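Note that chain A is present in both complexes that follow, paired respectively with chain B and with chain C.
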Partner chain A sequence: MWKIALQRVAMLILMMLCVSLLAFLVPMASGSDPARTILLSHGSDLALDPAQVEALRRELGLDQPLPMQFLIWLGNAVQGDFGNSFASRQPVIHEIGSALIVSATLALSALAIAVAVALPMGTLAAMRPGGRVDGGVTLLVQTFVAIPEYWLAPILILIFALHLGALPSSGWFGPTSVILPALALSIRPMAYFTQVTRAAMIDVLNAPYITAARARGLSMPQTVLRHGLRNGSIPVVTFFSLWFASLLGGSVVIEVIFAIPGMGRLFYEAVINKDIPLLQGGFVAIVALAITINTLADILYVVINPSLRGANGR
Partner chain B sequence: MSILSRLTASVALPMLFALPATAETTITLTEAFGPAANWALHADDSWLAKRAGCYEGLTRISNNITVEPGLATAWTQTGDLTWDFTIREGVTFHDGTALNAETVANALTRLLAAEVPARAFSPKIVASVEATGPMTVTITTVAPLVTLPGRLASPPAAILSPAAYTDKGINPVNTCTGPFKITAVDAEQSMTLEANPDYWGGKPQIAGATIRFVPDADTRTTMVRSGEAQVVRHVPAYAVAQLKADSNLTVSEVATPRIVQLLLNNDKAPLNDERVRLAIKLALDTQAIDDAVFEGLANPAASPFRPEEPWAPKDVAVPTRDLDRARALLAEAGVAEGTELNFLIYNTKKELATMGEVVQAMLAEVGLKATIRLAEYAALEPDMLAGNYDMAFMSRGYLTDAPEPGGFLGADYSCEGSFNISQHCNADFDAKLAAINASADPAVRYAGYAELAQYLYDKTVSVFIINETAFDVNANSIKGYAPHPLNYVGLSTDIAPN
Partner chain C sequence: MAADITLSRQATTTEPATPPGHGPLRRFLGTRHWTFAAGSVIFGTILAVLILGPAIWSLDPAKQDIIQRLKPPSGQYWLGTDNLGRDVFARLVEGGRFTVTIAALSVLISVVIGVSIGILAGRLGGWFEEISMRIVDLLIAIPDTVIAIFLVAIFGPGHVTLIVALTIVGWTPYARLSRGLALQVNAMDYIRAAEVLGMTRRFILIRHFLPNLIRPISAVTFLRFGHKLITVGGLSYLGLGVQPPAPDWGLMLAAAQPYLDRAPMLMIAPGLAIFITALSVTWIGHGLEIDRTKPKD
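Right, the complex of A and B next:
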């Protein structure tokens, strides 16, 4: 037992070391001079003064050898200090923290919309596979999968902000600001969740215990609600966690279009500004979060499905 | 910004749109990006604070690009290297500190000591700034610098209260002298400003403003159409026709001092042959490029400078496409059909990639095969500066540090120029430029710049494609907004409810 635990911890440390090395090296990979790139991002003029470049290189410690830069960075990182953003000069951890709250709110809102629509749609489609409803849902799902966010987002802005004047077109100023981006972001997970729910529910509804429930005199809706949905939603939980992890740092397009100060936009601007500490800190944060979320999902999976408790529960 | 204040703002925002147009009106403007360098003076952050109506310098630049008094009422050159500036009486910073020679000298000395120098006013060109009287500041330059007064209008040369210069960097909140005070900054989202009723240039006619940071150009455009913003700068060319058709909006054309050039490597065969460079110029149809890429709203260029500018050369014309002559010139120069030219295009300015494809197709008609390499500018820059290329696109502002193009001509076309991508070198050109830079008479300098631009045109050192034009939009619920050619002005005392 202890041996396994130690192995896991050792593996985790090794993984985090690899991740940290990758996180350190990836922003350097483009080969261009970070000091020049940072200065280029500070103004619209491409002609740089060499004195400016040298001064910035010294100021940011970019004149140190690369291994030395890594050791200094790693030493600070293990203490939770990822340095200051090259661009804003604020601690990276603060920048990531506030952006993460925004992205998590946006991702959870989008996924909540997706689940709220996908579960009933998938279930309805599964009740009569091949029927009209199923056909309609499949058509809708295929459409949703095909709609790119960079197309849907401006359309939503045009309708709800410009023509109806009902919602703000951009910014992150409270509940009304969340609706349009969450809606735009929910379309693709909604499609996948619907497909997954439909497939799972078809299996569940053919299971013997459903037949037994029906034989006890329960109506179809009652059977689905009491016995079907719980089992049919298990794959959705897995997908939910995967989508949540990916949306935390992956909603760049939506965050840029709607001017939302989340992780996606933070990364977008960090790449433009060649903000190496921010990219490094963000990379570590996203990987660490992905591991945590997947672990939590595994636990939730077992909670929902008691049959999986056997091996782990004893 | 706290969650509570963000929630509060969500309620306040819709109310803002509904406010009646009175002297208590606050307006919303947009910028693509917020402060990205912790307000470091050398960076675009200074331009942002200048446009916000907060930063001011000793001088300012009019909409006709002439130097006017700002926080200095007068200046004189007292020696080859020394200038005296008389500081305006009765001005206070937003924090109540009085403006005098000492605070001005402090501000400019801090700028000279900045970790990253600002090009317009750096230790390379300025030796010292001293308070030599209660309201007199003496600036000593390293070498004669006739453009000094204009450089002091540059946003990094803003005069801020001593409280602005902190250990953590520049703090612009409540430390400027302009008509609007910055009261709060959320670097990711917006900043808020309120009118400075004690402004030396007159009380602003609106109560304040919010500047929203919105990176997507289409979203910014929608904001002015939906009434969420009253001023949006630099809308995309493709949106101009639709915006002009909207009776609630006014579209202003901004004649920006910026040129899109096709740089040619003057030091590498076959483009070291003037005939080949001319053939390339004659193969291009710049009006067609304007129509295809800029909706016909930009201006096909003859020289680097706009024709209405005082330093524009007179004996130039937008080239007329002449494929037969281009082919003949190439044959005369011994350039074979299908000769490959390596063509570098950076991707941060979206239009350049489309323009590159058009140019590629046009050159194919005279038998030249342009091979495009599209990448981010920083990745291309080493090859550009080292001359490892044949052709490259470059969108270049020529009045960036001073309101005259001497710096541009020197950096881009002199033998030792720090941005001499075209690898051009001509001793006569350099000697003339040195003489121009030493002349105290603006008329002599302007004529000199025109002569050098004429030379660049005559020798086809580069092909000048488009004099860029920008478009700003304002809602008709306000009046008095006028775009500035150098992007120095946004909020001003002229803006009023309509």
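Right, the complex of A and C next:
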């Protein structure tokens, strides 16, 4: 088991190195001189003083050979120093920190809604596979998967904010402003969680201990609640962590629609404003979080399932 | 059950197993859920409208008529007009061509790359399998929107950037699936037999190997196609794909945002187009995947 864990972590580090290299090469690929861009962003006059540019280049280490520059940049990045954002002049790492809290809140709210609907729905479908309820749930799941969240969002705004006036249409200021974006974001994980729950519960409900529980005289609902759900929800836990990782940086469109100062919007604005340090930091942070959570989930999965610990643990 | 009986009779007797009017297509449809046929019809219609539509109706998606702006649906403008008085239906048809083509291209390229890598991993094994599958594990974790935005930052927005970005993360599910299938098929006796009989690797690959992959891969392709469509729409929504004034479903949705209250049709129409297209391909994929007459799950 330790071997698997070590392998995964080694791969993770390798992957992060590649991602960092990609991020480091961005300014070169986009053909802009960081020193000039920084000076321009500080609002200096259009005609830059060549001496000033040269001084800043030296200060930034841009006169060093490229591999050396990368090592310096990487060394700073590992310590969380991605430089200052061009737009806000704040350290990138602070911006990312506060955006992450917002995105995590949003992602957890969305996933909570998703699980709250998916567990009962998937269980109901699994009680009689191929039955009428199962067919209805399958149709619902397919519908949910096909709904673009950036379409659901304006529809929700139209109904709940503009017509009913019950909820705010955008912004980030307390519990009421979380509801609509979380709802829009929850629709797809809800569909996948339902599928996963259904499949897991069908397996579980066929297990001998369920028959044994039924034979002891427990009613079907009692059996499901006491024995079924506990085992049937294990795969959902794994999926939960994966979705959490992807929603942390991946809910760009919803964050833009609802003007939520989260990770996705931060990253999006970095691109629009050509804010290179923010872009680099954001990309590295999102990818690092996503693949770290993924690797942890992988390792945890093996820890939870002793049967996977054999020599052939892939 | 019924299908099994017909199949076994077909295998044992020499008389024509299929009565007139019950061709292979009919038999195949008989084992599918009704949504498969519905999805096929809907998706076929959408494709026909997108391909032939402009030739039939000769509507101009770019023609502005500022007096007729933000009009509700009518006989002249089937889905109303937008903020510049342009025909929403005409723009929907024109825009769909972009959205569907980009999604389809990125899915096709992803399938080719993913299946090749997956089969290689499954048949070669060793370090190639180990490394490629670890890369798949990690790439799958990264949200595709983030990769797309990052690439747009470097190369600028446009069709090609969009397709490349979607392919970078898009090939991974096919690689994982086809590796699994390859391992399964590899263990089959008929592959062993073919090898013993001295058939070449290429012959085995084409005659015995690939046919086993077609059904599951095409099912996943349709399922993923719906997802890609939504991602493409989302990226255009953010202004990272097709550039205005060219219409595109995501772009139309974004442009409709300020007029949400006055002209909701402007927002509903392009979203509905993405939704129905995505739903129809999901139904096709689901239908290919699951045989209604064999409830195993």
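Here is the rule we go by: the second predicted complex is superposed on the first by the 230 of 314 C-alpha atoms of A that agree within 3 Å, B and C clash if a C-alpha of one lies under 4 Å from a C-alpha of the other, contacts with A are read in each partner's own complex, and residues count from 1 in each chain.
Everything that follows uses one rule, which is that a contact is a pair of C-beta atoms (placed from the backbone, for glycine too) under 8 Å apart; a residue touches a chain by one contact, two chains touch by 3 or more.
Remember, it's a predicted structure, so these values are computed and weren't measured experimentally.
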Partner chain(s) touched by A:Phe283 [first = chain B, second = chain C, both, neither]: second
Which of chain B and chain C A:Thr238 touches, first, second, both or neither: neither
Partner chain(s) touched by A:Gln222 [first = chain B, second = chain C, both, neither]: neither
Touched partner set for A:Ser177, first chain B, second chain C, both or neither: first
Touching partner for A:Ala87 - first (chain B), second (chain C), both, neither: first
Which superposed partner A:Glu59 touches (first chain B, second chain C, both, neither): first
Partner chain(s) touched by A:Gln69 [first = chain B, second = chain C, both, neither]: neither
First (chain B), second (chain C), both or neither touched by A:Arg265: first
Which of chain B and chain C A:Leu162 touches, first, second, both or neither: both
Set of chain A residues, in rising order, touched by both chain B and chain C: 30, 154, 157-158, 162, 256-257, 268, 274
Chain C contact footprint on chain A (complex, rising order): 7-8, 11-12, 15, 22, 26, 29-30, 129-130, 138-139, 142-143, 145-151, 154-155, 157-158, 162, 199, 202, 242, 245-247, 249-250, 252-253, 256-257, 264, 267-268, 270-271, 274, 279, 283, 286-287, 290-291, 293-295, 298, 314
Complex contacts: residues of chain A adjacent to chain B: 30-33, 36-37, 39-52, 55-56, 59, 87-90, 98-99, 101, 154, 157-158, 161-162, 165, 168-177, 256-259, 261, 265, 268-269, 273-274
Footprint of chain A on chain B - complex, ascending: 3, 6-11, 13-14, 17, 33, 35-38, 40, 42-45, 47, 115-117, 119, 122, 124, 168-169, 186-190, 212-216, 218-219, 222-223, 225-228, 376-379, 381-382, 394, 396-397, 400, 411-412, 418-419
Chain A-touching residues of chain C, taken from the complex the two chains share: 35, 133-135, 137-138, 140-146, 149-150, 152-155, 226-227, 230, 233-234, 237-238, 240, 250, 253, 256-257, 260-261, 264, 267-268, 270-272, 274-276, 278-279, 282-283, 286, 295, 297
